[in-house]
Amino acid sequence: MASNTFGNLLKLTTFGESHGAAIGGVIDGCPAGLELDLEAVQAELNRRRPGQSAIVTARKEPDEVQFLSGVFEGKTTGTSIGFVIQNTNQKSKDYTHNVDVFRPSHADYTYNKKYGVRDHRGGGRTSARETANWVVAGAVAKQLISQIKINAFTSSVGEITINKPYQDLDFSLIESNAIRCPEQDVAEDMIQHIKEIKKQGDTIGGTITCVIQNVPVGLGEPIFNKLHAELGKAMLSINAVKGFEYGSGFCGTKMKGSEHNDQFNQDGSTKTNLSGGIQGGVSNGMDIYFRVAFKPVATLIQKQDTIDSEGNVVEMQGRGRHDPCVVPRAVPIVEAMAALVLVDFYLLDKTTKI
Amino acid sequence: MASNTFGNLLKLTTFGESHGAAIGGVIDGCPAGLELDLEAVQAELNRRRPGQSAIVTARKEPDEVQFLSGVFEGKTTGTSIGFVIQNTNQKSKDYTHNVDVFRPSHADYTYNKKYGVRDHRGGGRTSARETANWVVAGAVAKQLISQIKINAFTSSVGEITINKPYQDLDFSLIESNAIRCPEQDVAEDMIQHIKEIKKQGDTIGGTITCVIQNVPVGLGEPIFNKLHAELGKAMLSINAVKGFEYGSGFCGTKMKGSEHNDQFNQDGSTKTNLSGGIQGGVSNGMDIYFRVAFKPVATLIQKQDTIDSEGNVVEMQGRGRHDPCVVPRAVPIVEAMAALVLVDFYLLDKTTKI
Amino acid sequence: MASNTFGNLLKLTTFGESHGAAIGGVIDGCPAGLELDLEAVQAELNRRRPGQSAIVTARKEPDEVQFLSGVFEGKTTGTSIGFVIQNTNQKSKDYTHNVDVFRPSHADYTYNKKYGVRDHRGGGRTSARETANWVVAGAVAKQLISQIKINAFTSSVGEITINKPYQDLDFSLIESNAIRCPEQDVAEDMIQHIKEIKKQGDTIGGTITCVIQNVPVGLGEPIFNKLHAELGKAMLSINAVKGFEYGSGFCGTKMKGSEHNDQFNQDGSTKTNLSGGIQGGVSNGMDIYFRVAFKPVATLIQKQDTIDSEGNVVEMQGRGRHDPCVVPRAVPIVEAMAALVLVDFYLLDKTTKI
Amino acid sequence: MASNTFGNLLKLTTFGESHGAAIGGVIDGCPAGLELDLEAVQAELNRRRPGQSAIVTARKEPDEVQFLSGVFEGKTTGTSIGFVIQNTNQKSKDYTHNVDVFRPSHADYTYNKKYGVRDHRGGGRTSARETANWVVAGAVAKQLISQIKINAFTSSVGEITINKPYQDLDFSLIESNAIRCPEQDVAEDMIQHIKEIKKQGDTIGGTITCVIQNVPVGLGEPIFNKLHAELGKAMLSINAVKGFEYGSGFCGTKMKGSEHNDQFNQDGSTKTNLSGGIQGGVSNGMDIYFRVAFKPVATLIQKQDTIDSEGNVVEMQGRGRHDPCVVPRAVPIVEAMAALVLVDFYLLDKTTKI
């Protein structure tokens, strides 16, 4: 089915394989009259770009976005916004050894079984390169709801975990280190750990926490478009994500109601916020916060046994340039997807009352 | 926006307030020719029904579903299936004290702010009574994909957690106790704990694990309708859910790639299954398993301070009949939503290849 | 596929067979805060009801709508509105002769081939009884956009055609005669003609013209949700419709551009209105008008040869109570569907600009 | 709203302004395994291309489509197909006189009012240049359902009308003349008439008839996705279309049921086909045929008075290169949109029965 579209009122539809001519998409439903800051869009792409630090893949892709329509004399016109990002650094021969081999814990096997055919080069459509498209759309979305502040950051790498509650963090430090963790000494540990893991040809998982502030009351749509359910779906769409929790999350399952309930202040705010800023699927004006679990990258620079499409056992070894840990580059992706969810509900909410 | 619809090819659209005349829905897109077992549908409803044991709410609702269309001489006809469940036991006067009061950690406040008006009786549209509709549709979905086995069970209540991996559990024991936990001694502890919590007028959270077996390879649709993302959204749509993880989940974030990768057997199955049966959003034929986090019920039989719609502080005390823990009644809801997700992808997959 | 839903932001999802227990639907996306005039809804249903005059079917269906949700203390709450209309006068035995027979120019054959099974009683899901659901939703839609005036009327029956341009008609006369034609002497001829046709056991086609006035500029969404394209689809969804034209329509194909162009007045209105109030799929503030073609009813009270499901030739004769001409009862249906289209664009337009 | 998408299972999403960098789109939901004939796609584009004959606009656009994804080693992979068509011949200065002027019977005024901003160059997004995108997608769709034969042709230009019923036409002659009318002497008259109209700086309307043969029984989805309703919407989406009729169409409104009913043969085919190959919204295996009304092009090479955005009366004269009659270039567009409708139902029908 047509499943390359995200959103309801603001819709992103994407295309592109890792090693095809280009990736890109269509942003449809963007309101007219937005003065689009193209540099801000590119800046978000640069946060996701390969080759930006010693702890991410060494691939060099400029990832320059070109807008083809929907923007006229600097303003959105209300028509659909087409964009492309050329693939300039497709070392397809890095991947010729994959033609007929199913990499463990990748989607090679499932795509082959489902479609009977696949573009094996660099994962083809399953590559996280696709998420560059999401960052473009998310950057536009951020500008549409610039009053809402969305900050994601790395909250753990392997066993190394941020110590402070998010309220005590200085989000302006997120971009000050390669791992995008605003607790500086923890960041150092994380970076050091990733370097060691990388030396082993291995990879490591981690978590990203996202905090959304200054959210108007009333975003989210019951019954089947609850704000947290759409956020969850958005996050689970990101490559390598294995879990999502918001507010008290899994910890909340161990609590009693008398501990968990958030008591009201007289202005409608709450004294605590175990709810995570959402009640009944609708934002209540408190901070929204959630945590996203990323598994370790499946491509190792180690020898592994696997099978080919005939079922023969073959030995393989990753030879491409790969990330030892996805979380630093995934931070802008998390923010982008959160922005896309929020802008949709922001637009929808305009139709709620007569 | 119209947000009361779930699914793409098999669509469930629902309506109904806790204390209105009836709840119900329309199941659209059900293939023709299914011999619908109406008793099996009712049996699923009975698993969700209030009053079924000492550890759930004492409300007595028969929850009898009546099909109004789409089934002729016992078979589905391919036309839309309308159904209703009458609300027979609406003690609205139990709720008159709520008219103007916002219950802590309920959706009263957010709905009032969003819509400017709400049916306050028993939570109105935000009541989990709505999930009876989902169980009806899920029971139809289960019959459409009867080869796939879906088993959910209570895996924790508060701090009390099931010990065995799911592979060592006997799913036929799930319905043998009131908490729906197939590890009998753990079930006893859970039930005992809930009884104590209830005596305190308090409530407690818990988790449900769901295992889906005998899944064909190839279900799920990249990029934005990944199987696990839709499962996650479905689960996060259930009242009181705060988190979702599948396969290795949050634990997987602490692992190295060399530990986490699932090596292939020659037949395409894998030696381990940290992936949770899904690669790239598409089922790989291994068991799918995931865990859902439920917060403690917000309605306490204790005095709490809260505010009314004018911002005045008022004292309130739950007087309705409420569940001390939602998980036993949520087990069939988890299964129903999983079935709805799966049947959609099952139908979609028929259009994948020429 | 799930195809029983109409609309984008305000969605109507319907169910029901002609001779099942009930028909009904869910209106989803209705903004909160509308004081719903239930009598006005029933009044629209009464305009569509069988048995209302000598020139329509003699069936007696009260067609009383019951709202089950979404309305609280007289106001819409923003939640989905469920409704049912009981089927009280199902003379199913009138239809037992149809069990295995395909009526000419009905959908019996196509449904049987498509689904392999069908509810043969009175056409089942293909019966125009379904349109009662549309009239309910359309009546709600009319109340949401009460400033827009929608008037449909019978503009021809067979060869008998209204003479005056719509600007010279008094719409308050539409309901003054059984055929719903505001040109009184023409109405008399039409009624007389239908009575003669009915005496012959035959049926006759006709057209309905619809005029929409006081439309705000800007309704309609390019590229694939043009206002006239959605109106056309809506009208072509009505049973027995064979054609749709708006503005100059098929006559416009014979004109030169210099004759057809509508010159502007200084206030943005146009001197002529061959465009029919829509440019580029978007309303321009002038009257919208269109014409809908209805074929003659296929059920005759005459003997016809046809085939059964085995391909045997059998003789059949309509014995139910049928309309000799659908147009008088279709007038409120045309208005209802137009209202549903307009309200959707009215809501969508709120999201057009930042 | 996001309204630049057509289709349900096979979805086309488009972007692009007449004088922007490029137009293009995403074809999503195309089944895997189709050996895509790229030359056949380009050949369809060439049928729509400007500059192809003396009776169409003299603009020279190569209209070369470039596929960016979704096709690997000649085969569709089941992933989304991105494509672009560069705009190479954008004489924007031809249009500088339009900056602030609303052309009569164009969408300048409605877009300006709706969006507050527009790309005025050559109509921007409202230009029929957009339909090149549709032809690309339609050409892919045709290959997916190559067993179904879709033939459109010019059936009238102004008052000059084809004489023969379509059954007596030789469709292989359609491409043999510039007007795409398979009745050769009528084609000559049409071409001559257009040349005269063009000499006057004027334009003329016309109709296109489309015949779809070899259609399987069962395509189309009740209630709100009827085959003819979707065809109607598709045709009404084409620029300049004012009407749609299928089967007996508006003529059928003058007939009696006894004349109009199509009697069955024993094999399920019908002796006549006034129904136009569709019953109850579902194909019955007979030929589908419909007629589409095109108004005369609004851009004249004559002086016209109009207004500017301040409401001042100004004199304007078309100076671009324009079509005196759209129908010859619209023939492949009609076929493309018909193919998109059919392929959607073809895919949907795979999910109809268990």
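A, B, C and D are the chain letters, set down in written order, and residue numbers restart from 1 in every chain.
The rule is short, and it goes like this: a contact is a pair of C-beta atoms (placed from the backbone, for glycine too) under 8 Å apart; a residue touches a chain by one contact, two chains touch by 3 or more.
Here's who's who by UniProt: A, B, C, D = Chorismate synthase.
On a predicted model such as this, the values are computed, not experimentally measured, just so you know.
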item	value
Chains touching both chain B and chain C	A, D
Chain whose mean Cα position lies farthest from chain D	B
Winner on C-beta contact pairs when A-C is weighed against A-B	A-B
Averaged-CA centre spacing for the pair chain C and chain A, given as whole angstrom	46
Cα-centroid distance, chain A relative to chain D, in whole angstrom	39
Interchain centroid distance [CA atoms averaged], chain A/chain B, Å	26
Shared-contact residues (touching 2 or more other chains) in chain B	1, 3-5, 8-9, 14, 29, 32-33, 78-80, 114-116, 125, 222-223, 348, 351-353
Chain B-touching residues of chain A, taken from the complex the two chains share	1, 3-6, 8-9, 14, 102, 104-107, 109-111, 113-116, 125-126, 130, 156, 158-159, 197, 202-207, 217-218, 220-226, 228-230, 232-233, 236-237, 242-250, 252-268, 270, 274-276, 278-284, 293-300, 302, 304-307, 311-313, 348-349, 351-353
Chain C-facing residues of chain B, complex	1-5, 7-11, 13-17, 20-26, 28-29, 32-33, 66, 68-70, 72, 75, 77-82, 84, 114-119, 124-125
Chain C partner contacts - residues on chain A that touch it in the complex	9, 29, 31-34, 76, 78-80, 144, 222-223, 347-348, 350-354
